[in-house]
Amino acid sequence: MNCFILSKNNLNDFLAALDSYELFVPIRKNGITVLAHIDDPLAIKLDLTSQPYLVKQTIFPQTESLFTFDRKKGIKAPSFETNHKSQVVFGIRSCDARGFCIIDPVFEEDYPDPYYIHKRKSTILIGLQCIEPFTNCFCTSVGGSPSSTEGLDLQFTDIGESYFVEVITQKGEEIIKVTAPFLSCPDKNQSVKKDEVKKDAEQKVKRKIDVNQLSQKIEQIFEDSVWSDLAEKCISCGICTFFCPTCYCFDIQDEIIRGKGKRLRTWDSCMYSEYTAHASGYNPRPTRMERLRNRIYHKFKQNIDRYGVSGCVGCGRCITLCPSNEDIVENIETLQRL
Amino acid sequence: MDNEKLIAEAKTVLLRGDIVGIIGYQKDSQGFRVSPLFVRDERDIEKLFFSPLCWLSLVNYLTLEKGRLLQKGNPGKKAKVALMVRGCDSKALNQIIIERGLSRDEVYVFGIPCNGVIDLKKIEKMFPDVQGSAQVSENNGFYHVRCNGKSHEVPKEELIADSCKHCVSPNPILYDVLLYTPIVVKQPDYRDIEEIDNMSIAEKWEFWREQFSMCVRCYACRNACPLCYCDDCILERLSPQWIYRSVNMSENLIFHLARSFHHAGRCAGCGECERVCPVNLPLMLLNRKLEKDSKELFHYTVGEKAEQKPLLATFNPQDPDDFIF
Amino acid sequence: MAVVPSALVIGGGIAGIQAALDIADAGFKVYLVEREPSIGGHMIQLDKTFPTLDCSACILTPKMADLGNHPNIELFTYSEVVDVNGFVGNFEVTIKRKPRYIDENKCNACGLCEQYCSIEGADPFNVNLSKRKAIYMPFPQAVPACYVIDPERCRFLLTHDCTQCVEVCKKGLNAIDFKQTEKFETVKVGSIVVASGYDLFDPVLKPEYGYQLYDNVITGFEFERLSNASGPTTGDIVINGKKPKDVVFIQCVGSRDKTVGNEYCSRVCCMYTAKQAHLVREKTPDAHITVFYIDVRAFGKGFEEFYDRVKLEGVKYRRGNPSEVYRKGDRLVVKAEDTLSAELVEVEADLVVLATGMVPGKGTVEIANLLKLSRSPDRFLMEAHPKLRPVDTPSDGIFLAGCCQGPKDIPDTVAQASAAAAKALIPLSRGKVTTEVIISFVEESICRGCGFCVEACPYDAIMLKQIQQNGNSISVASVNEVLCKGCGACASVCFSGAMQQKSFTDGQLLSMIAALGEQYA
Amino acid sequence: MLKKTDPEIVAFLCNWCSYAGADLAGTSHFHYPPNVKVIRVMCTGRMNPLLTLSAFRHGADGVLISGCHPGECHYMEGNYLARRRIALFRKLLGFVGINPERLRMSWVSASEGNKFSRVIKEMTEKIKQLGPLGLEEE
């Protein structure tokens, strides 16, 4: 695997060199870190210290127009020739990259989803190795790691003065080509340093859950009253699902403004009672209990049964952001204790 | 604040027999986090506590799915639910009672004079890597923070939630028992609102455009609001569809205007919407703008009287008409 | 929805009498409620009526008799309406009967009891110019012809130490019954005519005219009794035993007068003053008669002619509003500026008659609150539309007749009463009430029962009702389809969107808005 | 025919006064700009301010709500209720940077055809100055 060194002073030049791509980088806005689409990297202040939110937006936008329609012009669907710019997403963490791998099969198997697949193909993900994991991270318990390169095309690791750049995929190579001037070859102790950083990052992940036998466990206790107790403090907002890297549920809506119609897909959340409401008025998941149970089931059972991998990447955002402090780690502990 | 009084009261209340449970706060094992606690028997009572970290409004839990405690073993609504209520919560509770969402005899209220709560985001930023549980107490203008075995003195201003800075109702307006001593009430301060009022139309538009374009419409602001207790929200309904589902600046703007306008003459000012917002929208600005104008235009203040006519379902022939041709 | 085939008339003055008779003649049951012991109202106290000068009692009493004997009319005299529920077609009215202490069915008005009664007091029928006994009949032609005992005066009722009347009546019909108490009766009616009448302005509020200060300052209404043949003086105008030689009439006392809050014109004073001036001239041919006026409004049929006639009879009209009335010896001086000659005049008088205007009756105010009727700035009851619905009220099935709606003379009152009767007959003869098409309805499954719509509804058409929903009983709004007029105010205050207006639902309005957008593009 | 650039005003008129007033304006040939599109409601009391938001969203640059003069409401109070709501809602619009002049009310009685045309003229002029609102865009 090719490796390079990028001096920190050259980072913005490195990004500037990617002007043939749509560039997304993490910036601070309203007290949170989001991925912003930027034109001039040199003018931008990057925020590489904290976990960017809503990374999945870049490939699976919250609102995506499937096609447009109009009384006069009829239906117009988008074309997928990849002649238009592909995009580079810089500075995402391993958990988010893994998140894409976990939802890939959902959009690729059975009924391939051209919108997602196209975006996914034409996106290059540049990861940033976590040095200090965040308060609620527990990726190591669910088959991930702060230094995992799964789903990434390049990974950056901060080794003090400079970044250690690992090329993981062919797509990654493309980037190297256009940014070669700013890269140099690593020496021995730089790669040693990189390995150390990676190692103790993994050590630093404090929160743990025990997923051993979890899917069988929760299957047995489906009817248990524990679910109601867990769900009692939930206020059934959509935060945990919207900010989850692996929640992919969407709703399809037709919207007409001034005669111009759009068929859109927008994120939906299984935390809303309306999510499962039938036209008849019947709702199979009428209360928070069923909805929370479904979420945990989806992550820790259904996804494993179907795709052989846990649906949770352990990024901990659902914990950090939850208004009523639902803590999935504590919830799993409670369940395992039964 | 000492919790003995709280726990003692809780014990006696639970013995009354007509109380199906107590909704209170408990300290979490993790960092500065606090969770609602649903006490059904003595075992949990000791966990009850109150500190400046208790920032969620428990009133929600009375109306969510018509409140599990309320239903549980409480079909005839003979029995009550006891809950811990801060000044702002009590205003919300009072409003819900005015709107017949609950009846006063369904709840037993532990009134808690509250000096403002800490913004979790701020304190977690200031103390990012806290192991185990951390304590916070307040004395004269400083928060005394104990975490990772060390203790720190932090000026109140640095950590207090923005919505609490403008609090004019720290003391409960209704309660069955009042814990702790009442707090001196501040004069209403709308400087933050005036600041925006004084911007040019274009500046305001830019400001809010930025904000609303960040909204992901997770509806946490709505679900966390004690006064949003409709079973299905008119703004989420598909028929008739007031607001499209697509998330973009225009729809978000409409959603937030509609949301805040539904609280005109109702908002208790607890700031729950603002605190829970994952993208930190300054939503209380909207609510407090309406609060300010209702005062100025119609001399209407929420929670002023126990029995209050709804602001927008009533009128006064002398209402302003400067905008009428 | 079916209509109760009967009507309620509130007030037994000429307006009420006329309305009751018309409805009853049309073949429907009428309940007439009068707070006094007899019907007749103010009109029965008047002497002659302008401009025709026929005697008021002579034209009214036959109507009163008709009414008393009418098979379709049930009379509630000495009674008050205390509660009204329901809506057009189905009102439920509670009436309080005050005790007369005399059995209406037995008493034949022989009057023996009155002779034996030893208690005397002022007689309101003669505006306290004469005396009446504690057991009395308001006036000889009272309907019903039945005595009443005045509870404030009767010694038995006060101190139990006199049974004169009982003794004497025992010999005859034994009609006196001190065991009587207040009785409450409930009647169902389809429509209501309000004819609760007026009061006269109290001139004490204009101290400059010295009313009650000088006993030769009287009101026009007192004059009516004085000049009435059946009045205290059997018709001679005598003040302190003297026939007044110089008589001054002052008009617009309490009318067209912002200082006492009555901006309106009472519409009758000009003419009754003219009439009274004429009567003085008739009875005292050599009297000097002066009338002070602001404008003379002789707008009715034959009014102007009558006014001219009176002027020809040597009644002196002086344009100007007197500033003061003061005593000089045993006579009075009326001080005013004659605004035509622009000179200050002082007219000496033996008698000053104040043409007091009309104000809404005490009863009218009570009725307004009882029926939730709105009142116009002049404090009289407000009609639904000043021009096109002058006898309707905003609430269906309730109509206005006579001076409760505003000052008017007898012909106008009678005309309006017949109009109100005709209106009141519509639902009765229709037999059913039809509801609006565009009224509101409630989606009970999403109604929060907050009651904001109840506040917003101007017709009290919405109330909260209890329904059973998955186990527990919850309250939701419900619309009274008969009362709802379809303004949609309720729909716009509804948070949950449960309250909707037919043909103007949120969905329909939103689609219209969207369609407009499309039209532009 | 309107051009895309022309200001677009949605007017909610009450059935009894303003709608009749607008009708009178037409029958008595009082001219007024074609920028206004009318939606009839029975009473301004029906006007939920959120409806005006929807109008803005669907491309209106201005919204007019017109009813009977105070005290003349066919339903007694509807116009007062509307006035209070709109008074407050305009403040909110202004606060988020939507010029409150884009949302106006007027009292136009059934006999005031000339007033109706005057109101529409003034309003259109004002909205022209303010330019498009653009809420129909994303």
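Going by the order they are written in, the chains are A, B, C and D; count residues from 1 in each one.
Heads up, the rule we're going with is that a residue touches a chain if its C-beta (ideal position, glycine included) is under 8 Å from a C-beta of that chain, and two chains touch if they have at least 3 such contacts.
Just so it is clear, the structure is predicted and the values come from calculations on it, not from any experiment.
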Pair exhibiting more inter-chain C-beta contacts, A-C or C-D: C-D
Chain centre separation (chain A, chain C; CA means) in Å: 80
Rounded Å distance between chain C and chain D, as computed from the means of their C-alpha atoms: 44
Chain A-chain B separation of Cα centroids, rounded to whole Å: 31
Inter-centroid spacing, chain D versus chain A (mean Cα positions, whole Å): 47
Chain A: positions in contact with at least two other chains: 257-258
Multi-chain contact residues (two or more partners), chain C: 456, 493, 506, 510, 514, 517-518, 520-521
Shared-contact residues (touching 2 or more other chains) in chain D: 54, 57-59, 77, 81, 85, 136
Touch-based graph of the chains, sorted into line, ring, star, complete or other: complete
Residue numbers on chain C that touch chain B, as the complex places them: 446, 448-453, 455-456, 464, 471-472, 475, 493, 495-497, 505-507, 510
Residue ranges of chain A in contact with chain C within the complex: 256-260
Of chain A, residues touching chain D in the complex: 257-258
Chain A-facing residues of chain C, complex: 514, 517-518, 520-521
List of chain D residues in touch with chain C within their complex: 2, 4, 8, 10, 37, 39, 41-43, 45-48, 51, 54-55, 58-60, 74-78, 81-82, 85, 136
